[in-house]
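Next come two complexes, and both contain subunit A; in the first it sits with subunit B, in the second with subunit C.
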Partner chain A sequence: MTLILDIVLRLAVWLLLAPLLPGIINKVKAWVAGRRGPPVLQLYYDLAKLWRKGVVLSTLASPGFVAGPAVAWVALTGAAMLMPLGPAGSVVSFNGDVLLLIYLLALARFCTVWAAMETGSAFEGMGAAREVSYAVLAEVAIIAAVLSLSVETGSVSLVTMLSPSLGTGAVLLAAGLFTVLLAENCRVPFDDPNTHLELTMIHEVMVLDHSGPPLAAVLHGASVKLLLFTVLLVQAVLPMGELSPLGAIAALAAGVLVVTVGVGLAESLLARLAFRRVPLLLTTAFLFCLFALLVAWKGGAE
Partner chain B sequence: MTAAPLLLVAAGGMVLGILIGRMTPRLWLMVTLVSVIAGFAAGAMVLGGGNEWEWRSAFLVGGEPLHLRLDAISAFFLVLLCVIGGAGAVYGHGYWSKLAHPRSVRSGRLWWSVLLSSLGAVLLVSNGLHFLIAWELFTVSAYFLVTLDRQRSEVRAAGWLYLGASHVAMLCLFAFFTLLAVRTGSWELGSMRDRSELAPLFWLALVAFGLKAGMFPLHVWLPSAHANAPSHVSAMLSGVTLKIGIYGLVRFSGWLPVPPEAGWVVAFLGVTSAVLGVAFALGQHDLKRLLAYHSVENIGIILIGLGFALVAMGQDNAGWGRLALAGGLLHVWNHGLFKSLLFFSAGSVLHSTGTREMSQLGGLWRMMPWTASLFGLGAVAISGLPPLNGFVSEWLIYLGLFDATLARGPSAWMAIPAAILLGMTAALALACFAKVCGVVFLGAPRSQAAAHAHESGPAMRGAMVLLGAACMAIGLAPVVFWSAVVRAVDVWNPVWTGAATSDHAWPVALSELGLFHVALAVLALVAAVWLWRRVRRGSFSRALTWDCGYALPTPRMQYTAGSFASIITEWFAWILRPVRHEHRPETLFPQSASFTSHTPETVLEYVITPVTEIVMRVSRAARSLQHGRLQFYLLYLLIGLAALAVVVLLGGGK
Partner chain C sequence: MSGGVWMIGHPLLNLLIGLAMGLNLLALGSSRLPSIIRAMSVQGMLLGLMPLLLESANLDWRIILVVLATIVGKGLVIPGLLRRAMRAANIEREIQPFLGYVPSLLLGAGGTIAAVALARALPLMPEHAGSLLVPGAIASVLTGFILMIGRVRAISQVCGYLILENGIYLFGLLLIHSTPLLVESGILLDVTVGVFIIGLIVDRIQRAFDSLDTRKLNTLRE
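Moving on, here comes the complex of A and B:
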């Protein structure tokens, strides 16, 4: 009974809070540019509107075109259930759950790409090709980051891995994970969530042909993924285990807010990279995580 | 009840199958199925906790008494052989039918039976000489199956390459077993871990079995043989015979002592095979050749597990080695299942469209929904995604590598790069299968053949459904299979039996993983169905792909296999060496322009072929000494005698 209550509460927190993040990012961008900008709750309105709208399907699309976003959404929500929330821990926790989390993100990617390829369009093929290619480097960086957390704490379970702080390596790990966050969530400088018609995009171009409820699932799933990465980054860096429960919750919330504002600032102040530079930046992120691993290694040896 | 009566039924069925294979297809199929079911039951009995079965007889074969043994390792591979062998027989019944292939359908059945029985014999015999006989028989029968369609010249070329490469492996095996027999004084095989002077023989075994398993860079025979064989044979080659190479490595690294650096070498070769195998796969435009390169990748993943188990054994039998080997062995099953499933689906595409070129396919889901969804299932499994079986075995290997890192010994220096590159391999495999699914099954048909495809018959679909179900079973209930895997691991290294500290932790983690997988699968299904119904209930219409407003998209505008993979193949251009044929638009009003690119068999064309050419040149030069003129032969004799005389005189005339 408590388990069910726990799951319901968590789902409520994750699913209801996630769409707030893109709103905050947009507000920060508007503030930097001196505009008023859309309301913080804009994505909630969009989702509600999309859910009521009808759907136009491509004549080429199979039921997989709709199933793709649905399965991707389930995978991302499942990943969120694995992610511990400060003192509350996570719903299920076992040795190696961290790898399951990484691979759930990969499953979501596979489903999104599958749905994109359904349309037979060159645009969406291009976006899909970019998505899977750059994800290779992002995944390598994440594995290095996870290894460094694992070496630091001597564990392969998320709850224990994320409780202590990383000490000296924290800065490196934060830099690496922040870059991966930007890449995986299709933010500037990797991708531009504002443009829809450019040949320069990754994620947006994959969902060009989605409409109505499936598009709502895609957008909501993307916001859950953003929240997931933010929570991961904050907990990897802050010493969650050493704070009192209330303090930890407050620190987590403040950290998420800081990272979100950081994304907004990065998006306002940086230009999008040329595509041939993207691998270079992702490799840099990997090196940050690798150095964090070396620092963790060295720290443990003393 | 022991395994003996079941094995007797299996063997009897196989012999009967060989006898009647040429005549009665239905009876042959039934006999074969009964036989593989009996074999499966025997293997499952041993894996499920039954006693090992051993049988020594006074009956001599080739001058040696027959000695058979079914322990957990043999049983582990026997079960896979029976599943794929049975599924392949059913599939082949529909795929290689009498109507389509009147010339080879009978010999196809015959050689299938011979292949299954010789593979079974390889797994059961416990005598070096009999191992060699069974091995050669299996190599030759696989050759005849690969070249069933030998009217086509590329099939003959592929078969020839396969036969040549297999006999290089055979030569190494001859050397291995004779040296072993000379040093131990008997052809009998069994555990002899304590005789450390046998350790160097491991290198011979590594070359022989590695070549058979398709380990990089000894994989040169594999892509063309797998691509050109009939698809049920490709599935058998990839799903089982490669694993027999792994069986050899596991068997003899368990029975014989290994040199201390063996584990490092195997792990290094595994990582290389994994990353480069998938990189080469990304460069392919031929559906079956692409799948063949994925076998190289997956053999690499298995070898990572085995390599780290060997490293762990060298370092006080660390517990993580057990985990790595369990992951590697489970991946043997998993790869056997999903790769056979993928080859079956590729075969059903080939069967209905007549082409393996991905640039000719597209949009097949509409005509072939079963094949498309089962291929999709196999793609999710081979990309190592939850909730299917590929993830479970990769997860175990990862955990072995993580524990090796946490142990902080010298092994960590290899485990860290291996874990990172394993992650890279999985991401690359995802990219590759996203490409295949998208280009072959989704979008619009790129040719008339693809537009008029048809779904395959019940026999072919049935075999595919069986394998798909097996993939799901291992993914959703991994803990059920854990004890079988552990039994094989403990036979490999008995020291680990119950000694590992985390003995109880892993089944718990696995059952939690299984529960999570079940929840994920159920919820994904519910969500997909619900969203689909929601879409159908609302205002719903079909229109051309919007694509930012193209009024008249044509199938040729779609992304192709080459363009989808181009970003990644660019990164690996240093080893793939892609060949580009470019015809640029030249004048002000160009009439034509074209661009094609393909990835050659780099290792074969740039390494093996030049070396064989040098060998051929030397041989040709030597041949000019042989001209059939008696006078010159006498002269050679004279020179030889003179040389001997000089040697004897200079050596002191003793």
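Moving on, here comes the complex of A and C:
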């Protein structure tokens, strides 16, 4: 009984809090630009509105067009369930659950790309190709980060892995994971979530032809993914083992807030990169994670 | 060892060397010449500070003089000369290097990791074992080689040469007690004069060929 209560509570926290993050990012951007900006709860209103609307289906599209966003949303929610939340741990934890997390993220991406290809539109295909080619590089970086954490703690289970120690390795890992977060969630140096020019979009162009509840699933899934990466980054860098449970939760929440504001600042202060410069930045992120791995390996042997 | 405290494994020293290794990769990954020059000069200044840390127990005026000379020479004079040559030649960017930025960055990172692995296998003196001095030196030498081989512009090749020299200087820090300071100052003077001459040559090449592409310099003509 407590297990079911635990799962329901976690689902509520993840699903209800996730749309807050894009709202905070937009508020920070508006604040830097000197505008009033949309309300922080804007994404909740958007989701409610989209949920009530009907769906426009192309005669070309197979059921995969609707199934893609649904499966992606479920995969992202499942990945969120695997992620431990500070002292509360996670619902299910087993050896190698970190690999399942990475594969669930890959499955979500595959389904989004699949649904994009279903429309038969050239723009969607272009966005899908970009998304996948950047994901290849970002995935290498995240696997290097996971390796460095597992070498440092000698474990392949998320609950025990995410207990880092402060040091050079943590700084490198933070830089690498933050860049991966920006790339994976299509934030500014890689993609501009506000752009409305199909030629330059990555994530947004893939969901151009979705409408109604499937679009709501895509948007909500994206916000869950953003929260997932922020929580991963905070827990991979901030040692919270010695804090009291309440203090650890507060530290986690503060860390998530700091990272979100950081994303907003990066978005207001940086310009987006030309497409051909993106692989260089992603390679840099990979190298940050690789050198964190080197520090973990060298430090562990001494 | 003679009375002085060996500070080879000092964490601050390792941090400085780690930063120098990061600057190596920055130089490999950037396409703009000013940022390569900046990476090289900051690296030179970081290395210039190191004798202070190594010799913090028995500082005397000669060491402070060498530190000052290194910082001014590598951090201000040489980059100044290079920047002037760059302005005279009116170029800002490396175009179409032999080796792309991502491959050279990966090569440099692989070299750095190999250097760390190699340094553990080398029969070093026990007091040098925990330090990043040897891996940092090997990594800088490799970075210098990659820059000299992979780039087309004469100025980025000179930066590669200077980063290579920084690596050799790091090696020299291992022997700081047995190398006379005269040798250090001699090397510094040589490098400065070398860069001075290269600055002049770059200007002449630019006037004669209207370009600094070293690929155009490989055939002899009457």
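Criterion: the second predicted complex is superposed on the first by the 299 of 302 C-alpha atoms of A that agree within 3 Å, B and C clash if a C-alpha of one lies under 4 Å from a C-alpha of the other, contacts with A are read in each partner's own complex, and residues count from 1 in each chain.
Criterion: a residue touches a chain if its C-beta (ideal position, glycine included) is under 8 Å from a C-beta of that chain, and two chains touch if they have at least 3 such contacts.
Bear in mind that the values here come from a model prediction, so they are computed numbers and not experimental data.
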Checklist entry - Would subunit B and subunit C fit next to each other on subunit A once aligned, or clash? => result fit
Item to check | Partner chain in contact with A:Pro279 - subunit B first, subunit C second, else both or neither | outcome: both
Checklist entry - With the two structures laid over each other on chain A, which partner does A:Ala296 touch: subunit B (first), subunit C (second), both, or neither? => result neither
Checklist entry - Is A:Gly125 contacted by the first partner subunit B, the second partner subunit C, both or neither? => result first
Checklist entry - Who does A:Gly54 touch here: subunit B (first), subunit C (second), both, or neither? => result first
Next on the checklist: Let me test your reading of the model: by the given contact rule, A:Pro214 touches which partner, first (subunit B), second (subunit C), both or neither?
Outcome noted: first
Item to check | Of subunit C and subunit B, partner touching more subunit A residues | outcome: B
Checklist entry - So, A:Pro69: does it touch subunit B (first), subunit C (second), both, or neither? => result first
Checklist entry - Minimum Cα separation, subunit B versus subunit C, post-superposition (Å)? => result 9
Checklist outcome for this item: On subunit A, the footprints of subunit B and subunit C overlap at residues 279
Checklist entry - Can you list the residues on subunit A that touch subunit B in the complex? => result 52-60, 62-64, 66-67, 69-71, 73-75, 78, 92, 94-96, 99-100, 102-104, 106-107, 109-110, 113-114, 116-126, 128-130, 132-133, 135-136, 139-140, 142-144, 147, 150-151, 154, 156, 196-197, 208-209, 212-214, 217, 279, 293, 297, 300-301
Checklist entry - What residues of subunit B sit close enough to touch subunit A in their complex? => result 362-363, 365-366, 369, 372, 376, 380, 383-386, 391, 395, 398-399, 402-403, 405-406, 408, 412, 416, 419-420, 422-424, 426-428, 430-431, 433-435, 437-439, 442-444, 505-506, 508-509, 512-513, 515-516, 519-520, 523-524, 527-528, 530-532, 534-535, 538-548, 550, 553, 555, 557-559, 563-568, 571
Checklist outcome for this item: Within the complex, subunit C is touched by subunit A residues 168, 279-280, 283-284, 287, 290-291, 294, 298, 302
Next on the checklist: Please output the residues of subunit C touching subunit A within their complex, sorted ascending.
Outcome noted: 15, 18, 25, 29, 101-102, 105-106, 109, 112-113, 116, 130
